[in-house]
Amino acid sequence: MLLESLREQVLHANREIARRGLAPHTFGNASGIDRSGPEALIVIKPSGVDYATMTPADLVVTDLDGRIVEGKLRPSSDLDTHTLLYREFPQIGGVVHTHSEFATSWAQACRAIPCLGTTHADYFHGPVPVTPSLTAEEVAEAYVRNTGAVIVRLFREKSLDPVAVPGVLVAGHAPFTWGKSAAEAVEHADVLEYIARMAFRTLLLEPSVTGLPVFVGEHHYLRKHGSQATYGQR
Amino acid sequence: MLLESLREQVLHANREIARRGLAPHTFGNASGIDRSGPEALIVIKPSGVDYATMTPADLVVTDLDGRIVEGKLRPSSDLDTHTLLYREFPQIGGVVHTHSEFATSWAQACRAIPCLGTTHADYFHGPVPVTPSLTAEEVAEAYVRNTGAVIVRLFREKSLDPVAVPGVLVAGHAPFTWGKSAAEAVEHADVLEYIARMAFRTLLLEPSVTGLPVFVGEHHYLRKHGSQATYGQR
Amino acid sequence: MLLESLREQVLHANREIARRGLAPHTFGNASGIDRSGPEALIVIKPSGVDYATMTPADLVVTDLDGRIVEGKLRPSSDLDTHTLLYREFPQIGGVVHTHSEFATSWAQACRAIPCLGTTHADYFHGPVPVTPSLTAEEVAEAYVRNTGAVIVRLFREKSLDPVAVPGVLVAGHAPFTWGKSAAEAVEHADVLEYIARMAFRTLLLEPSVTGLPVFVGEHHYLRKHGSQATYGQR
Amino acid sequence: MLLESLREQVLHANREIARRGLAPHTFGNASGIDRSGPEALIVIKPSGVDYATMTPADLVVTDLDGRIVEGKLRPSSDLDTHTLLYREFPQIGGVVHTHSEFATSWAQACRAIPCLGTTHADYFHGPVPVTPSLTAEEVAEAYVRNTGAVIVRLFREKSLDPVAVPGVLVAGHAPFTWGKSAAEAVEHADVLEYIARMAFRTLLLEPSVTGLPVFVGEHHYLRKHGSQATYGQR
């Protein structure tokens, strides 16, 4: 069986989605990539299988174009979004899609989450962006792949760095997050839900709030990221 | 004892109502129908009995008109709504009534839940409709049966397909959902609560939101339903 | 030891307050009364003792005027509210005070909870009333007893029946509920919190909502109460 | 190993932060101080270490200026806020920092929590204050220490007693609370979150609410604090 260790990691990340309550039923999926070989290989959750009974062998291995390399089950129906993100964001090692409640509510409201506090600034450099809606043509042509395409286009147009902004809201749908690994992607999904909850309540309390001053956000972000980071153990 | 397997399924669905927190105390009830014999038989929860101690033998078997065929306990006080739905919607095999908090809040606000995202579109084709209020005459005449009648009338008037729209909000009361089986009906009750929570928050964030474009909703619904479905395993 | 069985019931009701999350820390208290002897005796929680370690012997027995008949610990600091309610509402057998979150939010907003749905109508006949604030004189004179007095005055002025309306919000403070027994009083506290949550969300969704038509509320209330009740087992 | 008993207490307080859900991941930290020796010694959580695996030996001992006296791990990145609070508020024995959701939402909204009910009045004498934002100069110079400085300045300017007001919201960031011990500081953090949730909902229900009359708040505060306290056991 190919990629046993990556399969374990991806299975664990999928179970974390359920354990943390980030997606009910079988909504939501996690994948990881191994870029060390001659050809990059992706491990992803099968479609519609219960997290509780899933085993490493149930996971599906594909290449960067989504062709199945190993696996008897159908891959997640969101596979083409994952593969496009891996092709276009070569820095990332894991992708997670959830339907977590508050992040999804922001996505449904078609609103980016402004940076209102240091919890946000520690993880996301600037707002969590929201994509435009797909056009009828994009939906008809290739809905899932174009969901990835609309994310990548947004990051290009706004010159966003996917390492500094490790997630996005897809308008009318739900969030995608990513990271160095599947484990980090699911941590980002969890933190995103957390800041989505707090931003929701902050705005209800004070609709005119303008957000954290940029110099505070900058300071907090750099406390955790980059060569000058002082957070955690060396 | 008649219908042992259906009794087990219906008992399980009633317990799921409690386990998923869809109704406190003994509010809420599930039933299932066996249409295979010469006469259809319904299995339903007894009234006001605790889920934890209920056994298959406590369930009540009735015919399509609600006449008790087997059982020592009184059936759920909502029986006449269940039987009317089974008579009028011959495609359905299970009915669930909950007082889940957010769906009930929408019902109390007398508002249909608009389709604001793909989570909704995966399960409900269009808005989750809300009935008009019963008139004083309908309440006095036969409150429980007329609760069913007002649901059926709404579906007729709006040409709604109960398979594509597997649930409804009864104004000032609470939701009813249904499905192929009692298990699917309770899954729909759970998803309904989930989309009710997200729609509530979406509208508080953005009162002017107009909802998911129809072509996206259509695409998502058909991903999971009908002959072209691509979700899950074959 | 006096009243062993009532002590057990009251201890259980106090633990239910904690188990159902109706009051954090040691906020909240339950009592019960035995009116069968020549003199009525009240059993109440001691003040500031942890629910987890409390034993029946820790409970305090008082007479109707709050004089300690048996017990080494100080009674709940809310004792004088309990005793006044027992003196003025001879129909009741148990009293519960919680700081449950949503009911307390309504109390802090100084707003009665309107009857917006059948869940409410099944338990409370009409709105859950809110008291006026105590005056500075009432606070200075006897804060705890006057908390009871302001409740009783409200019920008198509005001709409310404490059996049909088994609870109240004390403005700027929190709810009190009661019932035939301590167990029923805590069930009413739990249902009150539940309807407070749903009424909160209903009003946010639809500020202009006017409430359940009286004829529906009446029908639902009588389904569960009085000689024509059809809910539950005979 | 220095201060074994204090290490146990501080470890317990850090675990309480996690157990009560007051901070996800490793956000949040607790410390305690021993002022009995010739030099006061502080015990604080190490930075970015998981609560579940932390042992007393992992905690870091520093002096009042934050110089490490014992410990192999880096102290919490918020150390300089803790030490400044201990230097300026000599009455306190424990400090807790959380990112609890509702208190943080108030902090992000840059709003003090008004005293709207007796639950609040039992613990905080008056509103829970919010600091002004740090200036760009304060952030650049010494962000963490100046977070402490802005708290202390606020208490001085408003003549607030840190014993009567055992916590604060740092604008755009999150709450800090304190108490006689680390255990009391974490209890205050928990109660703060609780009153933040209820104040949020009270204001959504009734934006014009003006708060608890001062004479009620005063009465409640004195019921639990000072020489005339009547709450709890002697």
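As written, the chain order gives the labels A, B, C and D, with residue 1 at the start of each chain.
As a convention for this text, contacts are C-beta pairs under 8 Å (C-beta built on N, C-alpha and C of every residue); 3 or more make two chains touch, one makes a residue touch a chain.
Because the structure is predicted, anything quoted here is derived from the model rather than measured.
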Those chains which touch subunit D and also touch subunit C: none
Superposition of subunit A upon subunit D: rotation angle, C-alpha, nearest 5 degrees: 90
Interface composition of copies subunit B and subunit C: same or different, split at half: different
For subunit B paired with subunit C, centre-to-centre distance based on mean C-alpha positions, whole Å: 33
Whole-Å gap separating subunit B and subunit D, where each centre is the average of the chain's CA atoms: 47
Of all residues in subunit C, the ones touching two or more other chains: 204
Contact graph of the chains (line, ring, star, complete, other): ring
Subunit C partner contacts - residues on subunit D that touch it in the complex: 116-119, 122, 187, 190-191, 194, 197-199, 201-202, 204-206, 209, 212-213, 215-216, 219, 223, 230-234
Residues on subunit B engaged by subunit C in the complex (per definition of touch): 24-25, 27, 46-49, 73-74, 77, 99, 101-102, 104-111, 133-134, 136, 139-140, 143, 172-174, 200, 203-204
